[in-house]
Amino acid sequence: MRPSGRAPDQMRAITIEPNFTRHAEGSVLIGFGDTKVLVTASVEERVPPFLRGKGQGWVTAEYGMLPRATHTRGSREAAKGKQSGRTQEIQRLIGRSLRAVTDMAALGERQIVLDCDVIQADGGTRTASISGAWVALRLAVNGLMQAGKIEKDPIAQKVAAISCGIFQGNPVLDLDYDEDSNADADGNFVLLENGNIAEAQATAEHATYDEEALLRLLRLARIGCTEIFAAQERAIRA
Amino acid sequence: MRPSGRAPDQMRAITIEPNFTRHAEGSVLIGFGDTKVLVTASVEERVPPFLRGKGQGWVTAEYGMLPRATHTRGSREAAKGKQSGRTQEIQRLIGRSLRAVTDMAALGERQIVLDCDVIQADGGTRTASISGAWVALRLAVNGLMQAGKIEKDPIAQKVAAISCGIFQGNPVLDLDYDEDSNADADGNFVLLENGNIAEAQATAEHATYDEEALLRLLRLARIGCTEIFAAQERAIRA
Amino acid sequence: MRPSGRAPDQMRAITIEPNFTRHAEGSVLIGFGDTKVLVTASVEERVPPFLRGKGQGWVTAEYGMLPRATHTRGSREAAKGKQSGRTQEIQRLIGRSLRAVTDMAALGERQIVLDCDVIQADGGTRTASISGAWVALRLAVNGLMQAGKIEKDPIAQKVAAISCGIFQGNPVLDLDYDEDSNADADGNFVLLENGNIAEAQATAEHATYDEEALLRLLRLARIGCTEIFAAQERAIRA
Amino acid sequence: MRPSGRAPDQMRAITIEPNFTRHAEGSVLIGFGDTKVLVTASVEERVPPFLRGKGQGWVTAEYGMLPRATHTRGSREAAKGKQSGRTQEIQRLIGRSLRAVTDMAALGERQIVLDCDVIQADGGTRTASISGAWVALRLAVNGLMQAGKIEKDPIAQKVAAISCGIFQGNPVLDLDYDEDSNADADGNFVLLENGNIAEAQATAEHATYDEEALLRLLRLARIGCTEIFAAQERAIRA
Amino acid sequence: MRPSGRAPDQMRAITIEPNFTRHAEGSVLIGFGDTKVLVTASVEERVPPFLRGKGQGWVTAEYGMLPRATHTRGSREAAKGKQSGRTQEIQRLIGRSLRAVTDMAALGERQIVLDCDVIQADGGTRTASISGAWVALRLAVNGLMQAGKIEKDPIAQKVAAISCGIFQGNPVLDLDYDEDSNADADGNFVLLENGNIAEAQATAEHATYDEEALLRLLRLARIGCTEIFAAQERAIRA
Amino acid sequence: MRPSGRAPDQMRAITIEPNFTRHAEGSVLIGFGDTKVLVTASVEERVPPFLRGKGQGWVTAEYGMLPRATHTRGSREAAKGKQSGRTQEIQRLIGRSLRAVTDMAALGERQIVLDCDVIQADGGTRTASISGAWVALRLAVNGLMQAGKIEKDPIAQKVAAISCGIFQGNPVLDLDYDEDSNADADGNFVLLENGNIAEAQATAEHATYDEEALLRLLRLARIGCTEIFAAQERAIRA
């Protein structure tokens, strides 16, 4: 029995509000239940030093959590003067996931920065960030194409991400905070619309797991991502 | 003629959405036109070292701007590893403003932290932060009183803040970004409901100003704060 | 009755010792009573990146306090690895105040850095810094003009600053440490010789104040600045 | 054909030199081919603040790379003033992996810090670190048991880690630098002697991958870890 | 021929102005020619953690250079966010030198911090700092003895320091900036009044040197320190 | 009687293992008894900004200590976010020492970075670093000459370093940790093969010393360096 009463393969409600802010070239407020992440895509007509003059673009991400997004207030990373290892790990994952579906030559020598800021946290902030970032990226690239700055669409297909885990011995989809903080194991899967995997991660927290469990988590992730792909589609058609 | 077509003494639309997030003891999304600030009030049952054992509470604030709150993306302070001078100046001002209406003995030996995070910026983020922070603080204190943790209400009255400035030679109320970035002078006034002043600041940007101008700015601020006090009242009654 | 026995509108002794150090293009040791600040003006034949190639100059300031300038030793900011919010707020104010009287086109594409280091503190270090910085800037610009590097004098007029506050219910001029640490409200005013205002700030510390009080503080500031302008004049003629 | 001429399921030579340094309670120089990592285990009779007084121990890890462990010199993290995101991600993984086989109650209220410093890098430094750290931890715990400080052995079983990846379309075991820098996808698997999984990670670098590929990587990892378990056993019997 | 016209064994004018600032328990402005250093001694009724409860005191030092103490402006260490290696090396030397003449048991469980801030630099700032710090320390300890906080004088004798070097092939005493920046070798000697050595350092800059040269530098240092001891004596009798 | 039973003028065993790592242009594992330092020389075809375009090269050094090189674990400087004053002092000394025997014009516009990382510490890490760095530098320069990148040998002669100190009243050579931590005074001497001195430093720790003692320390250093020069010669002929 899950604390929320959900079935093992049941996602929380997915909400995607496109164009949530005015200034960004793409933006979205994505919700996986009570987890709410604001993602903005900023187009910059320059690339990092290691890519200069190579005719290729770049997609990167930064992640942050507002101090009181969580049950108890966490300290502000800007005030502490550094980003935690967790923050850096997450923003590296987001960037890799979006690059997996982007053709850097087609993007041209420009960079798109995806800022993922967690307004409210209830588990799954990194997977909501990736799923929302795809929409923000899509909107920003649409703008570049409409402005005639890009000819060939650099985004091959959708990418989405979802967490799964073993909770009280059972594989479950889309962990909320109550589950996440007590899971035996938890994983994050980044999947493409064509079924391919961009990233699979599963970590033992309180108990190690076997190969069958890994496969069951992956299958749950496929269920969840199918639902997210549909929500992404609705958002970009809105 | 103001870029927005507003009259010199006309505020932008004020929106205050209380209880915007779940976890914080008080929270609000405040908007002054396109400026949107999320403010949360976190109650902590401890005080800073310099107050320990003195039977007094403390109210303090932190301020941040999401990287793409602005027209072009700014760098993330957490990634740069330090808060800018501007950020620190603003958060010090917010904290002082709220302490001006709080009875620290009545609050008891606990701290309330006001996190003001700018979701979207269009001028006046510090004054929107102060005005919203009062509502978040009020909500958090209401909770403490309902829980029986505080007997006497530590909040004496409302406090609100608004920017005013000299734009193209004319005193105007509630500068938006277009005005703010070209103002001859700009000021921020923090006023109490009883008419008293908690903070007055007016800075020459492109032209110095005279005593008469300072007084006119203050009078405009009174007009604006009256409107904010009403919006605060509606928000806490919601 | 003020702790020092001064009348409410009485300044402490102002001392300005020009050319206090050898290497700087302009330098001064300024004293407001026991507050002593060493200000140097350094001319650099380059401008910050945002001004390059625009044919304009820049004036900026840095502020520091020697660890034992104060009654009890404070920690050294260089050892702590960052400047406090207070330090940054002060150095931003000093820079703005001097820029208010400087014609950046006439200065030419060069920067003047004003370093204000407090040797001994007894209240009013930021206003002594501004008042001394004007003399150091004047001396440095005189040197540039004598060397034929500048044709038109970029400094339009004098600027000076002084603190005022409400102490035990009474408006008083030029607060010393005993007053400053117990004031109901304190303010800093940056005034031009022609009577215009470059910056007005008044902050409630232990009690908010009304409009009449703000005006009385400003009038006291005018009295103080008149005296400072005279001392500045004597210093540059020395 | 692999650059090294190895078969797809062939590990590089594994070398484990126990007691490589004098001062540490456990130490090892582990080699996976030309990758050489020095791991030390330091026993500290204290635990982190969040565990104090709970009668439990802790195992944590830090990771570093000597500046010229790599083909071209990298900058020294101590000189840059911060650890990279990659470094933090790796040291978090090492710590989690070792905690997966350690009974914290049996360890008692003490901490063991595993320092993994890469002397020479040729791919697979994180997996060599984990595999070597288990030996260093085992040696340190043996010392504690011999000294009578621990009664029940807190280490349930061996843990080892190995990288696998898709290189030129083929799944291969134990990537060296030439393979790692050109792999389509690469993964790291942390396995227990009983076959269970502590961590599975597989990341698309130049091409996403399918479920079958994920399973083939896991099977290669099982082959590699079996070999590492044998080398660990030899090392602790030496 | 020295640039200053001084004889090889001729010091610059030594000036020591005791009680230069009001708040410090001991303070001095020391000059070696155009090198001017403000030294304050701050008595703190606590010791560093490693000495707590051992009945011993501590003497330590911090060193800083005002940004425009030098010919061209250097960046402010507080703004850069760290102290340079040179600064740390110097402040460690100053602390060691003063501890060499202080009886820590007689000082009692308190710390004296010597802040050495260079107001103007013309070579020899570290040796002027040490020589001035002894006077500031002496004044602070005198105060403790007069207040009855210390019974036995913890300062055994005077300590002074001076730089010497090989300039254009000749050993010379008390290098100024012109000499220092072109010396073949330069050294710093910290001597006690009884002739003993607390620290000897001599570094090849443009040419290595032989044993005879080392001895000649030491002899010049004795000449210089004799003069400094006399100036210290005059200062504490003033 | 020395704790190790060595004679006063007896060095510990010197071991120098050249080409210890694969990637560096020069590398060495040097041992002075139980002190083990890995030194790598990295050739970079660029120079620091202050030397650009001057046709000269540069030699610099960085120093680090693995956290558990010592008896008890020290904190990792990369994790603390800064290098200690001791670390910076040592790496400055290493760089100076190697530059004393290098002809920068003959080296050409390139930089050689010497990374000295202490694997195990038992006193004398800085002198082992210098002595080993010379071998690594020699090997790297040999490579440049064999590749035809340098014509004239830029290394004039050998440089070596050794510590000496006063232990229980007696001058002794090559202090190990037991002696170093209890010495009355300790010194480090950097000597050239022709007998000249690159650096002499002797510091009073528990007792000041006289001129005769300084000379005896220098004589012991000559004995030690003669032995190191022979070991360096064997290493580069290996």
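Labels A, B, C, D, E and F are assigned to the chains in the order they are written; within every chain, residues are numbered from 1.
Heads up, the rule we're going with is that a contact is a pair of C-beta atoms (placed from the backbone, for glycine too) under 8 Å apart; a residue touches a chain by one contact, two chains touch by 3 or more.
This structure is a prediction, so every number in the text was calculated from the model and none was measured.
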{"item": "Farthest chain (mean CA position) relative to subunit C", "value": "D"}
{"item": "Subunit C-subunit E separation of Cα centroids, rounded to whole Å", "value": "32"}
{"item": "Distance from the mean Cα position of subunit D to that of subunit C, given in whole angstrom", "value": "59"}
{"item": "Between subunit F and subunit A, distance of the C-alpha-averaged centres to the nearest whole Å", "value": "50"}
{"item": "Subunit E residues counted as touching two or more neighbouring chains", "value": "81-83"}
{"item": "Pairwise touch network: line, ring, star, complete, or other", "value": "ring"}
{"item": "Traversal of the chain ring from subunit A via subunit B", "value": "A, B, C, E, F, D"}
{"item": "Complex interface listing, subunit E residues touching subunit C", "value": "21-24, 27, 34, 36, 38, 40, 42, 44, 62, 64, 66-73, 76-79, 81-83, 87, 113, 115, 117, 119-122"}
{"item": "Contact set on subunit C toward subunit B in their complex", "value": "82-86, 88-89, 91-92, 96, 100, 187, 192, 195-204, 208-211, 213-215, 218"}
